[in-house]
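Next, two complexes with chain A in common: one pairs it with chain B, the other with chain C.
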Partner chain A sequence: MTWVAWRQHRWVFAGIAAMFAVLSALFLIAEASGNGSVLTWSGTVIGGFPGFLRSYEELNNGFAPLPILVGMLAGAPLLAGELEHGTHRYSWTQGVSRNRWLVTKTLMIGAVVTVFSAAYASVHTRWYQPYAAQGGWFMIASQGSLALPAACLFTFALGTAAGALLGRVVPAMATVVVGHLAVLVVERAFVRRNHLLGEAPDFWTYQAIQLGLYAGLAACCLAVSFLAVRNKFS
Partner chain B sequence: MTEVAIATRELGRRYGRKWGLRGCSLSIPAGRVVGLVGPNGAGKSTLMNMMVGLLRPTEGELELLGERVGPNTVLDRVAYIDQEHSLYRTFKVREMLKAGRKLNTRWSQRIAEDRLRARGIPLDRKVGELSGGQRAQVALAVALATTPDLLILDEPVASLDPLARKEMMAALMSAKAETGCTIVLSSHVVSELERLCDHLVVLDHGRLRLSGDINELLNEHRLLVGPAATAAAVAAGQDVVHHDEGSLLVRGVRPIHDPQWRVEPVDLETLVMQYLSMAYRPVRETVS
Partner chain C sequence: MLWMAWRQHRLAVFSVAVAFSGAAAFFFLLGNRMRAALPADVLPNCFSVASGPECDGWARVVNETLNLSVLLPVLAIAAGVFLGAPLLAREMEQRTHRYAWTQGVSRLRWLNTKLVMLGATVLLLSTAVSAAHMWWYAPAAKTEGLFDAFGMTAPVFPAVCLFAFLLGVFMGALFKRVLTAITLTTAGFLACLVPVQTIFRTRYLPAVDGQYAEARGGWVMDFLYTDGSGTYTLFSALQKAGLSGSGTSFGSKEIGQLKALGFREFVSYQPADRFWTFQLIEAGIFTGLAAVCVALTFYLVRTRLA
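== the complex of A and B ==
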């Protein structure tokens, strides 16, 4: 079963690995070359590598696009791809039970998503360290070593569940975008705001809060996926 | 042949408020090649999907090879090919065989390779690049390599061109000769099944119309042909299945005393057509 999952989703594994590897490499270079002070200046328009880093950080601070990419690439096609092409009629009538089939797939892809996003998050956090005093740690709260992997797992699970329920890849991808942004808005408006207004705002405490939130949502989405695969199509 | 391959009792499946199949009670001995016929929407796919665990029955009982259908039960002895001969399109044929080996505890690489070699299908070709006929052959090879006791094919030739149809039917004939496993295949064209099948199941509007050994069914049924004026009198003494203009389809013909009427044998296609055009009546089944 692991071979089949690997062979079916090898481009997903490669895509996720490549995406986070390239980003990690970028920030290793940025760290080595001392690029990052750009985060502290105000107003001036700059280009080149520093300009890119600034836009990238603002984008991530804004709406955290990395989990969206993960959900669209790894989550949405996982079940919807099979249902759209009818190959579930092959996959689900073999000797391997449907449950084990889905456990294997979600474990393998989930592991790749977690490992590569966590590796990237730690490289990114290390690069940011010298600038944290000026920019503040909360600038990279959505890319923290706990928050980012958890958010990526959530979007992966959301895409999987949406794919199981909708049976189509593109609507499942759209659900990932909408679902992720909805959770982000609600989380920032209530959870982050309350934390920042509280007694002692702390980056790692907030990371743990995000980890709990996103891991819980991911677990719910996975449960929906398993139930849907077990019931909806039987 | 004492083992029962397929046993259903009052089996039914509802989609919302509409029943796809209802009140279906069947018993089919092992080793048969079963033709499942009926027009589109008759309930053929519904019945097959329930057999392979892709649909859960709303009511009734379903046993295959003496076991109730469910997860981790009899399904590893059952192989299924859907209408589109669905396989992973990006896999090479060789990889499809490897997938079959990894996904099934019972797997014979030799069966799959022999069948594909005999039909000249290259193992290094991607499934998505094969012709429809070749893909059907790969699907059949992959299904037979799991050494099933029961092989279920939903409209196996419906999507194929005439030549590929002929080749697929030939491949099924050879599978029947080589394996001896019970085969169930559906079609809405009776003539396609006539050479291959020895057992017939007729479904219509979600109801079972007829089930039995084909030879026995043909022996039992007769077409009575004569003038319409005396049809009612003749019908009175017979077990009439269907009353058509100028002919009566009867089961277990009794002597006719009217010389204007003659008794003719019935062919399979006529038999099925007459059963499909009759108003609904409770199931008639021959005890095999």
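== the complex of A and C ==
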């Protein structure tokens, strides 16, 4: 079963690994070519490639849609791909039970998503360290070492669940986009706001809060996938 | 044929329309509420990070909106991924194009109708978003300059959205599989958009050197320093002057020291009156790319696919 999951989803493995490896490489290069070279004067940032990367992040929230990409490419097609083409009937009539079939798939891809996003997030967090004094850690609250992997795991689980329920890839992808944006708005507008207005806003406490929030949602989505697969009538 | 194109794609058209209309409504309402809440002479000052208490919290709203505005290319990606990519790829993947192409309508007319109908929808929706954004940002034209809203202004934004849609159609025709087309549309779109925004856009016309005050309303690209013998960025100037300490950030103190040592500061900038020229150049680039996608799609549908 491990081998089947690998064969079926090897492009997803490769894509996720490549995406996070390229992003990590960007930040490692920036770090090597003069981390900390930043000017804070009337908000202007100068300093070649590192400066560009920093301004991109500071001005643009440019990396916010990362979890959406993960959910669209790794989550949505996981079950919907088979359901749409009818190949689940073949898979489910082999020696391996549906449950084990689903466990293997979600475990393998979920692990790849978590490991690679965590590696990228820790590179990113380390890169940000010299800027934290002026920009504040909360600038990268959504990209931190705990929050980003949890958010990616959530979008992956959301895509899987939407695929299991809808049985079609493209609508499942749309669900990921809408679902993640909705959670993001709620998280930023209410949870983060309350935390920042509270007694002692702390980056790592808030990372833990995000981890709990997203991991809980991911668990709910995975439970929905299992129920949907178990109850599906052929 | 028109009716069939609508029937086939109404769910995708409807979803994309909801996303675009939502963004347009947001900027339109924000513009209206800011105009209602602030006096006409205060309003233009409230689009700056450094605005005062007379703006009554609106400056924070503006700042957050501009911060999130960079995510608006997601709308273009949505048009490419949900409207463009499945347009041909789904038919190829499910073999329904064999049925469609053996009816009374030729395959070129079939493709033409789909592209015109959906392309016009994308143009209409993206122009609406652009118009609402321009309506919201218009008061800042005198104080901040329009370059901060470059990517959202028409004709650039509609051209970008049209390109994303047609790139999706082309990827679908090329790879014949929805998932592959969606992935490569996203990657290909970003591979075109990011270099244009970060490298080419700064170089449509050679930048002008001048004092910071002259660059008002324009687009400041670099603060540069000269000691008479050469031109330096802040970092090379600090190194030249032997001031590069171990600090991780530099502020007005280091700049003061540089000036005391005889360094003169100037900025390299694009003047404010180049805004619409730049808009036309960039819209031209994306329209050109879109035209290439259409031509290649027609070529593939006519000769290669069966």
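Criterion: the second predicted complex is superposed on the first by the 205 of 234 C-alpha atoms of A that agree within 3 Å, B and C clash if a C-alpha of one lies under 4 Å from a C-alpha of the other, contacts with A are read in each partner's own complex, and residues count from 1 in each chain.
One rule holds in what follows: a contact is a pair of C-beta atoms (placed from the backbone, for glycine too) under 8 Å apart; a residue touches a chain by one contact, two chains touch by 3 or more.
As the structure is a computational prediction, the values presented were derived from the model and not from experiment.
K.L.:
Check whether A:Met173 is in contact with chain B, with chain C, with both or with neither, and answer first, second, both or neither.
P.N.:
In the superposed model, A:Met173 contacts chain C only, not chain B.
K.L.:
Check whether chain B or chain C contacts more residues of chain A in the superposed model.
P.N.:
Comparing touch counts on chain A for chain B and chain C gives C.
K.L.:
Using the superposition on chain A described above, determine whether A:Ala150 touches chain B (first), chain C (second), both, or neither.
P.N.:
neither
K.L.:
Mind working out whether A:Met72 is in touch with chain B, chain C, both or neither, as first, second, both or neither?
P.N.:
second
K.L.:
In the superposed arrangement, which partner chain does A:Ala64 touch: chain B (first), chain C (second), both, or neither?
P.N.:
second
K.L.:
Could you tell me if A:Ile109 is touching chain B, chain C, both of them or neither one (first, second, both, neither)?
P.N.:
Touch status of A:Ile109: no partner.
K.L.:
After lining up the shared chain so the two structures overlap, which partner does A:Ile16 touch, if you call chain B first and chain C second: first, second, both or neither?
P.N.:
Once the two structures are laid over each other on A, A:Ile16 reaches no partner at all.
K.L.:
Give one of first, second, both or neither to describe whether A:Ala218 is in contact with chain B, with chain C, with both, or with none.
P.N.:
neither
K.L.:
Could you look at A:Ala162 and tell me whether it touches chain B, chain C, both or neither (first, second, both, neither)?
P.N.:
neither
K.L.:
Considering only touches as defined above, state whether A:Val183 meets chain B (first), chain C (second), both or neither.
P.N.:
neither
K.L.:
Could you tell me which stretches of chain A are touched by chain B in one complex and by chain C in the other?
P.N.:
Correct list for chain A: none, the interfaces share no residue.
K.L.:
Report the residues of chain A in contact with chain C in the complex, numbered from low to high.
P.N.:
Residues in contact with chain C: 15, 34-41, 43-44, 46-47, 52, 56, 59-62, 64-65, 69, 72-73, 77, 81, 130-131, 133-134, 169-171, 173-174, 177.
K.L.:
Would you pull the chain C residues touching chain A in the complex into a rising list?
P.N.:
Within the complex, chain C touches chain A at residues 11-12, 15, 49, 66-68, 70-71, 74, 78, 81-82, 86, 178-179, 182-183, 186, 198, 220, 222-223, 233-235, 248-252, 255.
K.L.:
Can you check the complex and tell me which residues of chain B touch chain A?
P.N.:
Touching chain A from chain B are residues 52-56, 71-72, 75-76, 78-80, 82, 84, 86-91, 95, 98-100, 102-106, 146.
K.L.:
Quick check on the complex: what are the chain A residues that touch chain B?
P.N.:
Spelled out, the residues of chain A in touch with chain B are 1, 3-4, 7-8, 85-87, 89-99, 231, 233-234.
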